[in-house]
Structures are given as structure tokens and as C-alpha cells.
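For clarity, chains are labelled A, B, C and D in written order, and residue numbers in each chain start from 1.
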Amino acid sequence: MIDVLYFAWVRERIGLPRERIETGAETVAGLVDELRAKEERYAAAFADLSSLRVALDQELADFNAPLAGVREVAFFPPMTGG
Amino acid sequence: MIDVLYFAWVRERIGLPRERIETGAETVAGLVDELRAKEERYAAAFADLSSLRVALDQELADFNAPLAGVREVAFFPPMTGG
Amino acid sequence: MRVAVQSAAFDLGAEVAAFTAGVRGAGAVVSFTGLVRDEGGKLSAMEIEHYPGMTEKAISGMVGEAIQRWSLADALVIHRHGRLAPGEAIMMVATAAAHRGDAFSAAEFLMDYLKSRAPFWKKEIGAGGADWVAAKDSDEDALKRW
Amino acid sequence: MRVAVQSAAFDLGAEVAAFTAGVRGAGAVVSFTGLVRDEGGKLSAMEIEHYPGMTEKAISGMVGEAIQRWSLADALVIHRHGRLAPGEAIMMVATAAAHRGDAFSAAEFLMDYLKSRAPFWKKEIGAGGADWVAAKDSDEDALKRW
């Protein structure tokens, strides 16, 4: 079980801020494929990975990063703070 | 007649902050030569022009600038504000 | 160093004064403040979402790096989230160093990193609806100089 | 814009707060404050001489140039003269612009010009006597980037 968090328009498109997911995916990309297959709103949110960022346990990561040992995955658009 | 002002160590070396001078010099350099010839303390203050700056009527200028029409000449070391 | 992520407004003048009074031996203090622009009256509010937990960690990491890299005497970051009106301060950064070059560089570095690496997302709310602010290529490019 | 040359201390926090509150539509405010360093306890006071009349004119010229060049919403310079103790604020600059790059550049430009082109001279007073601060080549070189 892994906590998956969504922020900004990813959260709005999927319709929830976080969920717990049972996944067998070995990488972030594998998890994205599973999510896309779940429902149309996930497919829409993850349509273009180049406009998304991912953090693993609150550290920025790549989509090909392994999920082993990770407790929290977050998906969000490029940051716009400051 | 022209007002001549001295600041910082130029003022200290010459021993006064300002004086009125009757000069026939056509340029700042000519005025400096006249001052140097006046007294040893002036010669000491103007020994090295590369360590001095000059302003004519409160605008930075060169030592070869003409004095015609100038009412106020100021000599001082490079600025160290900020 | 102090990092604060909060929804409450902060007192810019008091923060700058306290930060400056608290640095010992520094000759230069730089502060940056980001304000909500009104975009010529088109913007009625700004909403800022963040990632609690990660935000503080990410900013603390940036500040720690800046302190080391520019030998800062101190550094401060305050960043708000939630709903803000035009004219309100979104965030501030302050840096203190012996010399001005280091204080300026560190403040610009922190701003560039906060813009693109701290998990905040801005939404502009106007008469025509609400829009997430898109990240700018120029903000991503700004990171390359460091 | 406001330029003040004064011997009195200024209230840094109040100045930054008032400057920021007064800018309309700007998204970025940068402030710089120069403090008297204590040089590890070796400095007991700093004395700043200036050229009344020329100082205000020279600074106003610099500020006017900065406002034009970076489309500033506003700019402020306060510079003290007379005797200052370690830790006291010597001067401050504040700039406001739509975007952060302009506000930072204008503040750095003003600092570089104030250092080398505004008629102020600093004297450091310590246990061993009093010495005029020598201009640094690096300060003169800093002007070349503008």
C-alpha cells in the first residue's frame, strides 16, 4: 500500500487530494500506467507526463525512479511559488 | 573667483574644507598646478592625481576639463559610500 | 535560519527589522518580497496550494545550501498559502552576509529555487474564472545560472 | 521616488513597509541595507563625510536612471552621514518592479553606483586610530557590468 497525493490541477482533474493504492508497479512510470488504466479522469490527468512532476517521500524524483520502499508518491504540475 | 572645496583626507591634509581662490587657470590641471605651488600642504595633497577625483559645479569631471564658467570645484578621494 | 510556511499574513517591516537586528557582524542585508499583482484590475484573488511537509523540507534544504555557498550570517524565508488579495505579500526572503555581492546572490538564488522547486501552485481568480498559473520556461532557465 | 541624505537614524522596518505599501501593481520589492560591521570588535565607530548638494543630485540621477532602465514602479534611497556605531544601518535602497529580475538588477545597480559615484567618504575609528576607507578596485570594476 502506498499513499498517492495529487496537487493543483492534477488534484482537480482526478477529483481527490489523496488515496491509498495497492500497487505492484516497480517504478513511478509503472504506477502511472496502472492509474491511467483505472478511469478516464486518471488517463486525462496523466495524458502528458512532460507537464507533470513527481515526488517520492517528499523529494523530487524521475518517472523512472523505483518505488521499492517508498511510502508516499505525489503528482503535481511544475511549481509556481515565489 | 572660484569656490574650491576639499573632502576627506584632502580636506585634512590641506587643513580647511573650502576657500575662495582667484585663478587664471584654464583647466582643472592648471588650477592644481597653482595650488601645488602655493604651499607644501597643497603639494602633499595633490601629489598623486590618480588617487583624486574632481567635481565641477557638483558633477564629476576630468582633470583636463576647462574651468570657464565654473563656480565650484571640489577635490576628494575616490568615493566609498554605500 | 528561519523557514515559515503559513496562511497568516506576516508583518514585512517587523520581519525585516528583526532579521537585520539579529545578524551579528554582517555588513549587508537583502530582502525580497513577492506581492500579488492586480494585473490591471483583472485579478480578484490569488489562491496558493502547497504540499505540507515537503514544502518546509524543500525550502530548508535550499536555505541551508545558500547559507553554505555564500557564507551567510543568516537567512529567512516566509511563504504564505491560501487565499490572498491583490497587493498582499505572498512571501519574503532575507539574507545577511559580510558583503553585498553574497547577500544579493543568495537572495536571487533562493528566489529562483523557490519559484521552481518549492511545492507551491498558484491559481489566479478573476472575473472570467480561475486559472492555474503556468510555470514559465524563463523560471526554469533561471536555475541554470547557479 | 524618494532620496534622503541625513545624519539621523532611519526606521528600516517602517521604511520597507511604507515603500511596499505604496507601490501599486508591482509584484516584486527588493531592499538592501548596509550595516556598520564591527570587524571583529576592532571598529568602535564609522564616520561618514559627504558633499552636501552634490550628494542628493548624484543619487537622484542614479535613481532616475534605474527607474527608466528597469521600468521601476518606485525606488527609494536613504543614506546617512556623520558618526555611526557598529551594527547601525548606514543606508538602504528599495526598488519595486513588476518582476523580480528588474527589482534585483536595479537594486544592485544602485548599490554599485552609490559605492563609487555618490560623494561619501568613510572613516573607520578604532583603538589604533582613524583611517579613511580606501576605495576597492572591485567596487570600480562592479560598475562595468551596467
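The working rule: contacts are C-beta pairs under 8 Å (C-beta built on N, C-alpha and C of every residue); 3 or more make two chains touch, one makes a residue touch a chain.
No experiment lies behind these values; they were computed from the predicted model shown.
Using the contact threshold fixed earlier, the set of chains in contact with both subunit A and subunit C is empty. Graph distance from subunit A to subunit D, where chains that touch are one step apart, equals 2. Centre-to-centre, using mean CA coordinates, subunit C is 23 Å away from subunit D. Here the spacing of subunit B and subunit D, counted between their Cα centres, is 26 Å. Taking the mean of the C-alpha atoms as each chain's centre, subunit B and subunit C sit 48 Å apart.
Chain geometry summary: the mean Cα position of subunit A and that of subunit B are 72 Å apart. Residue positions of subunit B touching 2 or more other chains, listed in rising order: 82. Within subunit C, the positions touching two or more other chains are listed as 34, 100, 111.
You'll find the chains touch as A-C, B-D, C-D. By the touch criterion stated above, subunit C contacts subunit D in their complex at residues 11-18, 20, 23-38, 40, 87, 89, 98, 100, 103-104, 107-108, 111. Those residues of subunit B lying in contact with subunit D across their complex are 5, 7-9, 11, 55, 58-60, 74, 76-82. Contact residues on subunit C toward subunit A in their complex (touch as defined above): 34, 48-51, 53-54, 57-58, 79, 90-91, 111, 114-123, 132-135, 139-140.
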